[in-house]
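All chains are identified by letter, namely A, B and C, in their written order; residue positions are counted from 1 within each chain.
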């Protein structure tokens, strides 16, 4: 029944899966960091990813800033946008039920995406890959840019993990995730830490957006459907668990890619099916996850 | 006495309304009144934020539409069938998600609604991207012709009144009291020997059924069903309606549904601005007016009276 | 260094009222602490002892009245600003971070001012913490956790310590150790406000005892009075 399968097809889909997985991993990483410290589910993560892609596109078309320049500048721009968002809409409601912050960031998505569509239309804008060509592996052709995306995102994820687990700054973050009051009582400016952490997570989303610009079309709605997938990934990986988020991200990407080979009709659904299976098997969630322990 | 008078007055207005306002618009509002009331039952009284409520709304629209297109079953049964189908989905959703924390419940319901969106997109019977067209309005009770919008308005009105009355009954029943207690302090309710999960599962099922009723009616009003009805934008719209009108108040969702439908209607020619406005209003409501229109008015009245 | 009854108070609390959400926990507290003094807050469970410390630190944010530290008003300031004035807080639940190892737990509080105990000195003073630097903070025994919780705040250089029930839930041997540590800190010149339920423990270390009931100060006893008039205190505590 699978005689149409070839090694090329499988490897090709595996690569696409790995690339999608890279984005899932980076986005759920940022989401998990933000959730861990702030208990905020940042619905705007997808929109901020889109803004990263747009920033790269805008920098290129308006100022002629190359992809490599944009890789540095665009995430900073998006992070600054995140800082403003945190001040204006998250801080005023931080003492309320966390459902409100979810809803507030959702409202922000409506505004951001609406304004972008109003300005740039719904159709996608192309962004030429900075690395052309690729290498023929015999069984498949691997474009350099895709290889770069996979490696770079891996680097970002590992780097972020090291930053959190192995540095003083990371120790502050881990401690504040557990008991923010006590950390603040040590004289650490926790409110500023919250702002910066949010900006960092948002910056990660912006960075993913820049990486995505040459692969997917740059369009105002590029983040919204992705967002829901990321939610599923985070639910599967355990809320607020950084390692769980990253691993699940890659895994889900690969599974999705393979599903496209074996049962293409279900490719859209497989992530959600996995989520539902996880929910059935673990109705109470992972009890050992970061941020869920008290 | 005052309250009865008010309800009577409202009913008279509702009955006379189609003589002054385009009935399809009125029916749309009524469908969303039911939808928003169902959402409010869940968030306002049980504290559960279902971020994918459109899945119940839209699925019922398709099911009812399909039944009407393929069978001669009378319209009211097709509508109830759609609602029942959504209630069944709601029961399933509740079983897998109810034990997760509130914020996860929101994310999970959103993800499941996206799952259902894709299922409906790929199913043959729904017509995929094109949606389901030309849904007939079979005769009411098998005998009464309701093809005319002015006539059909009263059918929709009857359903809406029944739905709101049902929500009222639920909220003011002993069951509703327990539900509110769970919302306010779940561990306490549990320590009193109740099993909060069961109450929540029932609330989700009921709410899903009511949302389905709204969707089923909408399919018969417009005589088509589309993927938009299942999309997260509609899930977001019902959140806006409920919060803007007044969370946890009976009248709030009605006011909210009316305001949002009216606003969409007014802004429809301005393209994206309608969504932008929705976002801006939702944000303002969340940050400054969490009581919503009805809640703020009630608060004002209370303040004036206490003077 | 002994406290001087005539010295200007280091901390002066006047008519302090505090709320958890809508419920009022403190109903007008008045007391002061002089430099170098070791004062205990005693009272029944729920009397408002811990809330007093949390209000001073600004962790309980809804509060009125006045909390003056070195002639500066603390009400209206954020917790981290209060800490930077030189007040260190060791909470009741010890607050050892499970996501941090012992070494990270110990060095988490930043050095805020001169006079902080350097890390090398801390490890010398608390040798068993040194041995277990790499293990998870919450794997320490209760006594070790308490030592760690006190040790780490010495790092900041703060000279005024708020200690919330350091003896709670510990074996008598360990309580004794903690008592010696606290006496040593007092001898080194720290000013200490101690919440304590264990009267034996309080009696050994403190200069003065403030009795709290229903969120207000009802009595103050000197160290001598506590010994000579135990009945009075037991009456308050209902023991």
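One rule holds for everything that comes next: contacts are C-beta pairs under 8 Å (C-beta built on N, C-alpha and C of every residue); 3 or more make two chains touch, one makes a residue touch a chain.
All figures in this text were calculated on a predicted structure; none of them were measured in a lab.
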Chain whose Cα centroid lies at the greatest distance from that of chain B: C
Distance-to-centre winner among chains (Cα means, whole assembly as reference): A
Chain centre separation in whole Å, for chain B relative to chain A (CA means): 32
CA centroid of chain A to CA centroid of chain C, Å: 43
Between chain C and chain B, distance of the C-alpha-averaged centres to the nearest whole Å: 54
Residue numbers on chain A that touch chain C, as the complex places them: 168, 171-172, 174-175, 177-179, 181-191, 290, 293
Complex interface listing, chain C residues touching chain A: 57, 59, 78-80, 82-84, 88-89, 91, 95, 97-100, 104, 107-110, 112, 153, 156
Contacting residues of chain A [partner chain B, same complex]: 39, 41, 89, 92-93, 96-100, 102-104, 106-111, 113-115, 117-118, 224-225, 228-229, 231-232, 234-235, 239, 265, 268-269, 272-273, 275-276, 279-280, 283-285
Interfacial residue positions of chain B with respect to chain A in the complex: 49, 51, 96-97, 99-104, 106-108, 110-112, 114-115, 118-119, 121-122, 232, 236, 239, 243, 271-273, 275-276, 278-280, 282-283, 286-287, 290
